[in-house]
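In what follows, structures are represented as structure tokens.
In what comes next, chain A is part of two complexes: it sits with chain B in the first one and with chain C in the second one.
Right, the complex of A and B next:
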């Protein structure tokens, strides 16, 4: 039944004296000796974590290292097999996330977990709605919601259903909710994955403010720049074990990466300057391709063996462009020629049969089949392409799945594991594997490196180049300019749902891309 | 208009049009007397349907409602007619028992993760079986209190009567609406229907809420059983067979999405009234078999599910456009 929101009421509080080992006065939360196994897979093995008031603590590690699992244990979503947690020196045992919330721990879990069918207000306040005469006070909530969201520069209809907003807006709402709940501890599991630069700035500003207020903040990310920008202390996990915990001052980038991977990483970015040789034969031509209300008509020729980077702000129409090219939304104007033949894309099946592949941005909604196994998720597109009459037998399936699990270094206990149990980054790799298995000639990747660790990130960048050498045509949408620059042979820039610029050769560098993206602001300022 | 209100508006509109057409054919149907009878005759269905609304919004289903109505009626009859208890005491006992019965189903659903369909199907057999063990036949109730209650009514302008049980049904709808739309519990019900995993991670106490939802449904089933015993002055183990399906139909016709997450308590009232209207029409006509009610309800249900599909797919497309514009 509904309970009141009491900021300091940990679930079940034992009265053991505080653990004094190494804890200085400002330690807010301590997790000691946490062990968690799933079946015969050990996700966390004797991990410690201590959070200090007024500090941002980055929790780092490869995909599948156990970061999210640790967060879920601290916040009562999972119960640990061993280990103990104490808040303010008092041992606690949260059995539900609600208890952690009541104890002042606000959390944004990795997969944005909100309620799509409810309003923005409901999502911000559920579980702690203010009441008058026993009924929830709608007016007060609406006022508060506006106030809260305005801190993030968000001016939206708070009575609208959450599902009507973009992933980025939903992410901000999730963050705002967690911040409001966090009396003591704020936990952000990859909060910046779907935010653009300005939104990240706003988030960081708020985090710094909360830090000054004395909150302990946990920040999980794969963006190392953000780690150095924001955090005071880091803890690194590898394969479920604690590698170390240090203050950020003692570290440089190379040693941090070494801690995470257990080896040095050959950075690939620099060595791959974009070549400006025009690729040989044109593969397809989107002519005046567009859909009213979604993407304005654009003209784009794609050649074999080229990577076209798509840059632009969130909401600039990049994803809509990808959806259109893959037939998810049908174009209401223009035409597509492939090898000189006119092709009509009425549905994704048409695109698949033309040898297209598409890794969507929002893998949770559009990408994975959570309850199906890793193997089934990998072969499903290939099977669809073959047609259901030519079913692959189990051995063939296993062979294909194993090949990609190894090639992309997907960390999974077995290929029969339901894919929803994989870590976020590994789910992303599974989707990538799915389309590579179809042996496509044209691949659309929407934010392929989102939520992927540094090691795998480098691997994916390398893979993009390899695919291109194999003669594939690729379109890669990414918010990371360095990344786009490193692999694109051409960059197109989207703005306001139009294709506004096409950069090639020497023009492909971060500053000219930024200029092309930002031109609108300059115009608007005039 | 917010797209989520569209099914509700459509139901209301269809009700108004259908009623208008009935009046054109049989002007006698335009009277408060008919309206009053509507409420009295459908009181038990309406009360049960309020419970079903909560269950369906939460993404579940309760197949035991009809059986709980039957059991509640029999228990009241046994307590009053055989054991000589005062009806009010009997009501208290029956309502408590019903709520506990529902809570137990909710607990099984939550803790053992068994689909509600299975659990409430088992609950249905259990309740129906218990009722038949208590008595094979109808047990008449002739307590003076019953007569007093059934003689209570509020005279509507135009000669119609708003009976105590009709009024009770309206009250249950009112309270149900308040709970659904204006309490934390209500918002938790929608949250469960939207995404149970997210709801749990957002701190919704999913266990207590699930138990509460099924307790509420059975409690209202018990209340509907009491109302049915008042209405028929008897308790009968095979009473209200199939009412769970009628109430589910009322809920869906009232604009609640069968897959959960969306819906209105008020819509269910219209759904119930629409079913009542069909019955009344058949009575007025006099030549049609009463089975036409079922056929009409079947057609309505089909139409509404079709309508919901259209509305929700239009809604999704609209969402995408909005997202693109954002």
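Right, the complex of A and C next:
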């Protein structure tokens, strides 16, 4: 009968007065001397972390630095081998995530872990439904849901299924649930990975509001801009060790990157001076290519040896355009000419036989075969192209795999390792290798650098330029304008499912791209 | 894909099979006795292989289907249909070639129907194949017109009860099919494609694998396997019994595949290990019969052994067992397992 449903007073969230000074008295959670080993590999070596009430604490590091492990220890998913954790000065030992949750530590993961086929109400209250006469009090739940979400500026139909809302809204609901459940520490694991710019703004506003309410917030991200925009304090991990913990005022971008990588990122900026040489011969021409309800007809000529950057907000039709070009969705109007021949793309097989390759946006869902080995993941597109009769034997497979593991610097203990054990950046390289093995002439990369660490990010950017020099035609979709500017010889801009602008030469700079994306209110966007 | 042979010999399935056989030998000391009579081998061990053949054959097709993250509940019913077709052909005096090919063709048709529902219409395999599981027996009854059709055709009887090189015919067929299917999937790229589809259907689509036609073909193959098993079953009893041929055998086949280490979530598979799974099931059945236990024990003993095997294979327990017995070190792979940062 009694419920642990928290009475609805926004001020009661967190049990400390909302101070933002960051003084030591405000420390909510301390992790000290944390050590965690897996087998003979030390994932965390003597790492300290102190979270302060009313602060956003960015946790940074390349993939494999130990961020996830540290978070899993704080949230009770792993138990540390050594070291101690205390919450509000009291030493605790979490053996299950539930214990951490009831101690006030809530987590929102990169992939929203709610129940997509249940309503917003159910997602907010599952496991702790308010009851009346022993039955679930649906009216009260609906009222509460409305009240909770209104604190986050969300006025939605709480009876609708969660999956009907955008990822951004789902993320906010996940945050609301985590705050309601826990309310002391909120851990956001790459919350902005799949949000567009306006959505990120909205999210940041909510985070700032929660911060003012006295929550200690851990913010994990790969976007350095966002770190500086939002965080008060930064902790950097590298190879399982603590590199440093600083307040944001003591750091500039370069020193932060140096902390993360142990090296400078100058080479990325050197690449920014993309040459303007006109690409050679035209390779293919999409004429009035479109699909109703997906992408409005567009016209695009693609040359050998050029990189076409595709910019646009999420939902602008960027990914839909890529799917159309690869035959995953079929065009219902227009035509494709390759070398003057009319080509019909009815399925990905048709695209692949024309020498196309496609690295999809969602690596985990559409890209990798998690349980298969790195080797099999690399050779599979080539094998599919060869057909089932011409099987590559194990030696041939190993030769191809090892060639690309070396050429793309894929970090894996062996080519027999299941690819799911690799870090995001290395998985991305495996998928790139998969298509390079098919000897393509046209590659479509949809957000190739999303959710991967800074080092791998720079490598992939360099790789794109190298492929272009080798004469490949590339289409690269990205939300990061700096990145697009650095490698594109041409930029097309998508808006509302239409190709609205094509920028060349000197026009290729972030501000003109933003202007093209935003159309009228370009000034506001800048 | 190819594991070193020593490691394969240590596979829990073979150890389990050996364990069951040894247990049978303890309760029935004559278990390993094999005699040569009338140009063929006789003995309990041979019985296991002979009686286990139908489920082994079903499990070959079922392995490929389950590896694509599917399942085929209709194979038992398809056995009945194929048996009915074979018997009807025999009774109506069709030429031998038709009598042998017609059941296979009907089995393939049944499989194609399942494949059509699963692959083209994207119906969940469990539900899609349930259709034929129920309807198949009706079809078989229509073919046999509600009675048990008995026949005296020497070819069919040879398939069910004859012998070749001293081994019972069903066992010979099962072994040939196992070797053939194993070579087909492993010497071509089909095995890799099946595993890729089972692991991630969406990624398979993005990699331009022809998932649809492959899944369709695999269900058709499953239907053919069921038809072969059905023909053997009919030849064995010299008749077609629409109600009882292959009854519940789909469950034994699924069990054999699971014992063989293929996950119901699809992905990695091994046809030979599924056949070993089928032999484990049959060895238990035979063991209980020869040891003189009441056959009612059979189901309980079976359940017990299944639990043991599944526990041995479980992802949670396996590392712990390794630690206790220090068999092989846990793969050093986990050290790079720091997933998305």
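Operating definition for what follows: the second predicted complex is superposed on the first by the 387 of 526 C-alpha atoms of A that agree within 3 Å, B and C clash if a C-alpha of one lies under 4 Å from a C-alpha of the other, contacts with A are read in each partner's own complex, and residues count from 1 in each chain.
The working rule: contacts are C-beta pairs under 8 Å (C-beta built on N, C-alpha and C of every residue); 3 or more make two chains touch, one makes a residue touch a chain.
Everything quoted here is computed from the prediction, not taken from an experiment.
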So in the superposed three-chain picture, is A:97 touching just chain B, just chain C, both, or none of them (first/second/both/neither)? first
Applying the touch criterion given at the start, work out whether A:488 contacts chain B, chain C, both or neither, answering first, second, both or neither. neither
First, second, both or neither for A:235, with chain B first and chain C second: neither
A:86 contacts which: chain B (first), chain C (second), both, neither? neither
Applying the document's definition of touch, where does A:352 land relative to chain B and chain C: first, second, both, or neither? second
Identify which of chain B and chain C touches the larger number of residues of chain A. C
Touching A:317 in the superposition: chain B (first), chain C (second), both, neither? first
In the superposed arrangement, which partner chain does A:166 touch: chain B (first), chain C (second), both, or neither? first
Would you check which partner chain A:182 touches, where first means chain B only, second means chain C only, and both and neither mean what they say? neither
Contacts on chain A seen with chain B and repeated with chain C across the two complexes: none
Using the touch definition up top, name the residues of chain A that touch chain B in the complex. 1-3, 77, 96-98, 100-102, 107, 109, 113-118, 122-123, 126-129, 131, 134-136, 138, 161, 163-166, 169, 177, 181, 293-295, 315, 317, 320, 329, 497
Within their complex, state which residues of chain A touch chain C. 38-41, 43, 61-69, 110, 190, 220, 222, 326, 328, 347-349, 351-352, 358, 360, 365-372, 376, 380-381, 383-392, 394, 411-414, 417-418, 420-424, 434, 451, 453
Residue numbers on chain B that touch chain A, as the complex places them: 4, 178, 182-185, 187-188, 190-191, 193-195, 197-205, 208-209, 212, 261-262, 318-326
Enumerate the contact residues on chain C facing chain A in the complex. 1-2, 187-190, 192-193, 195-196, 199-200, 202-210, 267-268, 330, 332-341
